[in-house]
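First the structure, which I've put down as structure tokens, then a few questions once you've had a look.
Chains here go by letter, A, B, C and D, matching the order in which they are written, and residues are numbered from 1 within each.
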Amino acid sequence: MKRLPQPLAGVVPPMLTPLEDRDALDCAGLERLIDHLLAGGVHGLFVLGTTGEGPNHSYRLRRELVARTCQIVQGRVPVLVGITDTSFVESIHLARQSAESGADGLVLAPPFYHPPGPPELRAYLEHLLPELPLPLFLYNLPSLTKVSITLDTIRWAMDQPGIAGIKDSSASMIYFHQVRALLPRRPGWTLLIGPEELLGEAVLLGGHGGICGGANMFPRLYVNLFKAAHAGDIPRTRALQDIVGQVADRIYGVGAHASAVIKGIKTAAACLGICGARMAEPFPPFHEAEQRRIEQAVRDLQPLISL
Amino acid sequence: MKRLPQPLAGVVPPMLTPLEDRDALDCAGLERLIDHLLAGGVHGLFVLGTTGEGPNHSYRLRRELVARTCQIVQGRVPVLVGITDTSFVESIHLARQSAESGADGLVLAPPFYHPPGPPELRAYLEHLLPELPLPLFLYNLPSLTKVSITLDTIRWAMDQPGIAGIKDSSASMIYFHQVRALLPRRPGWTLLIGPEELLGEAVLLGGHGGICGGANMFPRLYVNLFKAAHAGDIPRTRALQDIVGQVADRIYGVGAHASAVIKGIKTAAACLGICGARMAEPFPPFHEAEQRRIEQAVRDLQPLISL
Amino acid sequence: MKRLPQPLAGVVPPMLTPLEDRDALDCAGLERLIDHLLAGGVHGLFVLGTTGEGPNHSYRLRRELVARTCQIVQGRVPVLVGITDTSFVESIHLARQSAESGADGLVLAPPFYHPPGPPELRAYLEHLLPELPLPLFLYNLPSLTKVSITLDTIRWAMDQPGIAGIKDSSASMIYFHQVRALLPRRPGWTLLIGPEELLGEAVLLGGHGGICGGANMFPRLYVNLFKAAHAGDIPRTRALQDIVGQVADRIYGVGAHASAVIKGIKTAAACLGICGARMAEPFPPFHEAEQRRIEQAVRDLQPLISL
Amino acid sequence: MKRLPQPLAGVVPPMLTPLEDRDALDCAGLERLIDHLLAGGVHGLFVLGTTGEGPNHSYRLRRELVARTCQIVQGRVPVLVGITDTSFVESIHLARQSAESGADGLVLAPPFYHPPGPPELRAYLEHLLPELPLPLFLYNLPSLTKVSITLDTIRWAMDQPGIAGIKDSSASMIYFHQVRALLPRRPGWTLLIGPEELLGEAVLLGGHGGICGGANMFPRLYVNLFKAAHAGDIPRTRALQDIVGQVADRIYGVGAHASAVIKGIKTAAACLGICGARMAEPFPPFHEAEQRRIEQAVRDLQPLISL
């Protein structure tokens, strides 16, 4: 646990899961991806999140990914593991195995099949916490879990030694500021933002950083944006945030379904030679026309990003 | 496969999963529950569905439940197993183990974390079908999966020999009738309704039956309602449907959250001496005041139901 | 008030508003439309509803429509007027003018800009009722008003002498049956269903009829469906309901936006020579390709409907 | 038109509508309110918006309010009038009368009963623009209108000389930044934010100001926040934004329904001696307990605000 900064500030990419086959990791791609991210200056890694298609993999593959990632990272940055699951028991299994592999923290959104009400969510967390061997970050993601973590639950969570912070992917800055206003209650508690289009303002106004999917492609861009906002450099924050907006527009706007963001990132990572574009089921890869649009976008964006 | 009627008509309860502990089946309760359901005349059993808290159990417990259920049922009625999962590989594992245990069919809603778009869902099903050892029933459940199965997908599904029918839990009778209008394309294809409040009209107008959660408590009521509707006895259909409405009002209206229906059924089953009220995580049991309201409801409803 | 049957049973079409220009009634078209509807055997007329594009017209045109409709109908069937408005005062003005013109009843959905909470809706109705010169039908239409009328509000409404019934356009048969179960509290209180795809089952199970938009095109079809269901003739109900499903599929499925239903009905009415297809703002008419699809649909449907 | 700055920057409160009776303006209250706002340094007034309960008033009262407001303001700041309406013709009437009264601009959300699709909205605006005697600001308010103005529509709008800008009340900063990224296409085009909790970041990152409901109570707070953000003073922006967060928490969190914000503001304005708390139908005033919570909140907030 000692390696986890309090708060955990900066850019912590939700790492892609490179695949060779339906149930086979692309181990060389994984190594290249981690090298690419660490070379870009990221402040941590978050595996088995939404962008990592976490819930779509077999448990065997999830365990392998955690073990290999920790082995490659060798403690250079903290590794967080997503243990969100509909099954309490499976969450615990993965948490334990993550600790054994050397991970540094856990990330958990509410169980996402049967949505728990606020007191049910709290009871669930009360049962879960004593079983967890690593610090926990809550994950607010109402669009996928159908549950918004209430401010009362967050107040309660701040009193739990085992809960280290929250990642907010609600995309609501009103909610984000409400959580931010609670931070003085527990110094060192971490508040990270999910949507990368909001990283600049989240950090300018006192958030600690972001879980930016786009950092899989262009880690330096997001790290620079974080640094500019952290330093209070408004013109640079605005300029870099606008490039992030163009990344979203050009890469995430290609697909037609909810998978568009992850497919866009994974396909762009393939264009950049990092790892293959193979998606986990239920997602087929992009069609050729979509792939070509991503290729063109990567070519057009690269000069902007190296600024 | 031979035991599956075409169509599978009647009442197929989504069976409760009796628990002794967080990760331990209540085997005696399971046996009592199955006896109770078969004595009530149900036409099949569906395990590991929404009411069975399927996704909330460990895989170990799921496998045990399937094996024991098949063992107890001994082919007296068809047993369907819910294999809905975010992970393709885990769905396949459970499907195979279900076939080995002697189950008769599989039920699958779309993967429910990352919602697939219509062509993605179809590609996923195309990949899945060759791996399945048993006939598949689709499960339309947009409130929990965030995905509605389109009519185009259903038209396609009717052309797949491995797909035997659909359970529609959209609660939209407009949608249900649109699916029903497609039935002449494939004689023997099954259309079952989810919400028990709609069983009467679903069957009066040509649906084949229902997956009625309330049948865990009062199997005979739902079987009688099915029979009345199937026979075109409108006054009796209306009278029995109204009793079902009272069950919903008195039992499902007690809880405050989305878990209210399942908690209500499981608590009532405990009142009836069938199995304990223990819920799978993330759900704590009802508080005492809620339990007493369920007890009273069961007492008040029983005279109506034995009519 | 004397002409209003209790309950008001049968088919009460939400009448199209024929337009000659942006703010000019098509008076000849109105006369032809009313003749067509009455010749088809409808049991009442509802003007200025959703299908009548009520809120989209100027108040001047609304008043003129009410006056002319009452003049043409001459008491042959009851005329109901939609007075739904965001402004209390304008609702009252229209209600009074409707009474002066000889209308028989009023229809009101909750104010639809700022959605009232349940106690606010009740207070509003308490203030409104004493000002109304005609019996009121509530109108439940959550998709457009963002407000669902609660069962508690309906229980209260049944105790108000000035409230004569409800039109439910929620499209939820679960809700419809919950309302239906309250009917014994006040004999003569009217329960009508909005979506015509649900008319059959609504009447089979005890509802009083429907506000069927499609009756503007084919009044006899909906009247026959009502009669079949009212008589308990299940095979005929099913057959006619399936033709209604085809009307919906072929006519309402042409447009791409929420306006598709109204545009489809108005364009089909134009094909049938009843009135022009001009829509009220904000809706432009169908493009030519869409018009041709409607023409073809009308040609294909007519042989079915005259059965 | 000459008085309208390009862009219209700063704080433009959506002015409360003081009422003496259901259909009677509180003229003395109106005068005090305008004095209070102008003394607080606001940069314009927006009457008949959401906070002004615009659609809830009779047209007579709306006309009177516009005329009196223009008379009192005497050109000291621009006056914008909300003409959002379900009826095209009534929007035009109010626009013309606003111009005659001396207003400076118009604000229009999409018609909010039947939601138009994107091409329908554009056709509607194409028909409307030639009829408008004053520059138009679009108003994006999907929570109440059920329609989000697409980026394509905004691109088109920027090419229309008669459209001067947009107020975005989507509460999505992702959307806001997407619109902001289009601003270089037309210098002088105005982008204002609706939710006051987002004013700081909206202006820090390049938006022009906000339509802040809370400015009815505490105009100086919002003007100071705007100035701090405009000057790039991050610590002061954060401090003032946090006070705005407390206003929201203490004043807007009292009510239980969607009316909570407007009721909170109007009740607080009454506590401050500005105008009465009477709401337009369908909203009853707060109960006494709620009123006392507002009184206490105003007392607690005042020392913070005068900082």
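Points to keep in mind about this one:
Please note the rule applied: contacts are C-beta pairs under 8 Å (C-beta built on N, C-alpha and C of every residue); 3 or more make two chains touch, one makes a residue touch a chain.
The structure presented is a predicted model; accordingly, all values stated were derived computationally and were not measured.
Counting hops only between chains that touch, chain A reaches chain C in a minimum of 2. Look at the CA centroids: the one farthest from the centroid of chain C belongs to A. Put simply, the C-alpha centre of chain A and that of chain B have 35 angstrom between them.
In this assembly, the C-alpha centroid of chain B lies 50 Å from the C-alpha centroid of chain D.
Two chains count as a pair here when they touch; such pairs are A-B, A-D, B-C, C-D. On the side of chain A, the complex with chain D involves touching residues 171-174, 177-178, 181, 195, 197-198, 200-201, 204-206, 232, 234, 237-238, 241-242, 245, 249. Contacts from chain A toward chain B in the complex involve residues 22-23, 50, 53, 55-61, 86-90, 110-117, 119-121, 123-124, 127-128, 144, 146, 256-259, 262, 280-284.
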